[in-house]
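All chains are identified by letter, namely A, B, C and D, in their written order; residue positions are counted from 1 within each chain.
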Amino acid sequence: MRRDLSLIVTRRQDVLTVVAFFILVITLFPLALGPDPQKLRTLAPAGVWVAAALASLISLDRLFADDWRDGSLEQLLLAPEPLTVVALAKVAAHWLALGLPLVVLSPALGYALGLEGAELGVLAVSLLLGTPVLSLLGAVGAALTLGVRAGGALMALLILPLYVPVLVLGAGAVTEAMYSSAFYAHLSLLGALLAAALPLLPLAIAGALRIALD
Amino acid sequence: MWDGIGDFLAMGGYAGYVWGSYGVTAAVLLLEGVLLGRRRRRAHALLQRRTRRAAAGSQSKGGNER
Amino acid sequence: MDTGPVGRATTAPSPPHAGKAAPRGELEIAGLSCRRGDQTLFSGVSLSLASGELLFVRGRNGSGKTTLLRILCGLTEPATGEVRWRGQPIRRLEEAARRELLYVGHRDAVKEELTPLENLDIHQGLRGERGDLERQLDALEEAGLGGREDIPVRYLSQGQRRRTALARLLVSPARLWILDEPLTALDRSAVAWLFERIAAYLREGGIVVTTSHQSIDGLPEPRILDLD
Amino acid sequence: MSSRSVPWLKFTAPANFYALAQRLTPWLWAGAALLCLAALYIGFFVAPAEAHQGESYRILYIHVATAWMGMFLYLLMALYGGIYLVWRIKMADIMARSIAPTGALMTFLSLWTGALWGAPTWGTFWVWDARLTSTLVLLFLFLGYIALHGAADDREKGGRAASLLAVIGAINVPIIYFSVDWWYNLHQGSSVIRADGPSMAPSMLTAMLLMIAGIWLYSAAVVLRRAQVEALEREPRSEWAQAAAAGRMTRTQRELAAAESVREHTSQEEGQA
């Protein structure tokens, strides 16, 4: 099953596209803001996090669409495995392929925006805890908008508001790390969100998939 | 408590804010009511038309269709 | 309440054990009806299928054949009625029971960028079956894909794509096949092969539910459900 | 779960609901108008100016009422959505869908009036504080619900998907509130927004409560009316709808239609059981 899912999900080109998108969005910030390092530094946590949220959104847009079109999703539903497990596995595979590269890259990009030392570590950890939640939420949106006209735009409307807490806590952790060391609270809250999302959101994804295929 | 209409309308210098709030609220609620009323009349008209057509059809064709 | 085209279900020939004391078939369908929008596609579909029986669902385009098949395998929820597989509601089957059902849909779940062999492997992995390379190769060979096991499906023809999907029938043990338009895009020899396969499967005690717009001469005498 | 065991369950039948709403809405309209007028009178002609904010505080009557209503309507919509997801009662979806536009409107009004109150009071139309941010998110959730409901090719599907979204949103809004609240207070310290006015004159309180009740009745009336139309539009072939549109639904027709939809529902339940 794991093999199958990684086969379904992993397309090298997709990974490249999403990573390139992530980097490009981050590049836009200094270009729009001007090269003043101090200003850039202040904006760095927000920049990286917003870019990560957008990258997650665009990469998740097609999460179930191909499987839906060619009928694989029906087979997933009929598989002996409970649908929640299948959904979780699919999101996990997606995150490993497309979310993890962003986490790995983030210190380099943070550095380019003027973050340093421990801040880079906090940035990476916050993304490590936060992006799985984004993936799970986005997967709910992707499942809800399956087979819907203008699904991509609609998905953004549905899901971006739900991204707010993760964004607040994630970017907040890095900002905290810049001024004091009180970022543990942010990180542990992010962890709590992840812990709540992991068992609950797959249920929502499975429910949404059932509705889409009914 | 107000010194005439002018004083009331001036709202102690906050006229724009206060009347802006109440005006928009009233306008929006009114608009909602009007739109809903129009939708309701449309639905009724459609249904009545359908009923009439069905009645006419049943007279001419022996009442197989509703 | 609805005056949409109401399909009437007729089952013929009726099972020999009609009456109250009928023994339970393995697949039981009771009072199914289905609605799309405010149109009733069909209603009052009841029948029961026992081991070795073939059900052929017939009907115009849009009469609800695909929907009925999807209801039978538990993908779609009917407006009324229920489907039971060995006494269990089809939408709440346990793991083992779900493995007994094999569905090849209209959309055939074949991945274009993968080879037939990989497709088969994925299919088995998804059903929790151990992928057996020999068996997979045998199946592809029998389905007429010998020598093409390793070419991504997007380079194959429609018919070969369909054969890839049908090769699943050979690798997975199952008690019930639900095949939606399996003959689409198949050439004559492939149709003959599939009919032979279905006949053999029925002799082994399998149950098959299928639809087609093409002639089904050559299949064992089916029970027919007419949705028109 | 038969309609006999729980009396009000009979209103899950659109025909019964329609008749009930028909009887209720005139009273709700009248009550709403009466209470709102009373609230305006007391609010503008009895209650004095506020010590710090002067006359601008009078915005709060409508602001508080709409803000409460927006939140309440969202919860109600999510509740109906949940009921629809679990029991597939069509009327629940009709209600949820009918609540959404009014809820979005109330949320918008609370943001609008809040901005107009905030400008003279805090010197800015907008702050990124928890209440404002989560209210904004609430507005987007309403809009998302409406968009998703209409986007699917099949109304039932759209309804179920949108209901699921409403339920997820209902869990999320408190999380959003607390995360933003925490974040904001960390940066700004205790905010000015807390100062709602320590003690209210009794007349102010009366006006506010009257306004809340008035807006509540207004929302109830609009939602019921919209649900009526929605029910008619969804069952245009049914006899009760045609009679209702002609303004002459008889008791027998209503009972027949109700019996029909109860039967439909129970057979569906048996199918699931």
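General remarks:
Throughout what follows, a contact is a pair of C-beta atoms (placed from the backbone, for glycine too) under 8 Å apart; a residue touches a chain by one contact, two chains touch by 3 or more.
Heads up on the chains, UniProt names are B = Heme exporter protein D; C = Heme ABC exporter ATP-binding protein CcmA; D = Heme exporter protein C.
All figures in this text were calculated on a predicted structure; none of them were measured in a lab.
Chains that count as touching both chain B and chain C, per the definition above, are D. In this assembly, the chain whose C-alpha centre lies farthest from chain C is B.
With centres defined as mean CA coordinates, chain D is found 32 Å away from chain A.
One inter-chain figure worth recording: chain B and chain D are separated by 18 Å, centre to centre, where each centre is the mean of the chain's CA atoms. Spacing of chain C relative to chain D, judged by their CA centroids, is 46 angstrom. Centre-to-centre separation of chain A and chain C, using mean CA positions: 38 Å.
In chain C, the residues that touch at least two other chains are 3, 77.
Residue positions 66 of chain B each touch two or more of the other chains. Counting partner chains per residue, chain A has residues 214 touching two or more of them.
Contacting chain pairs in the structure are A-C, A-D, B-D, C-D. Chain C makes touch with chain D in their complex at residues 1-3, 31, 36-38, 77-82, 89, 91. Against chain A, in their complex, chain D makes its touches with residues 85, 133, 137, 140-141, 143-144, 147-148, 151-153, 157, 160-161, 164-165, 168-169, 171-172, 175-176, 179-180, 182-183, 186.
Residue ranges on chain A touching chain D, taken from their complex, read 140, 144-145, 147-151, 154, 157-158, 160-162, 164-165, 168-169, 172, 176, 189, 193, 200, 204, 207-208, 211-212, 214.
Residues 154-155, 234-239, 257, 260, 264, 267-268, 270-273 of chain D are the ones touching chain C in the complex. Contact residues of chain C toward chain A in the complex are 70, 73-77, 95-96, 98-99, 101, 103, 105-114, 118, 121-123, 125-128.
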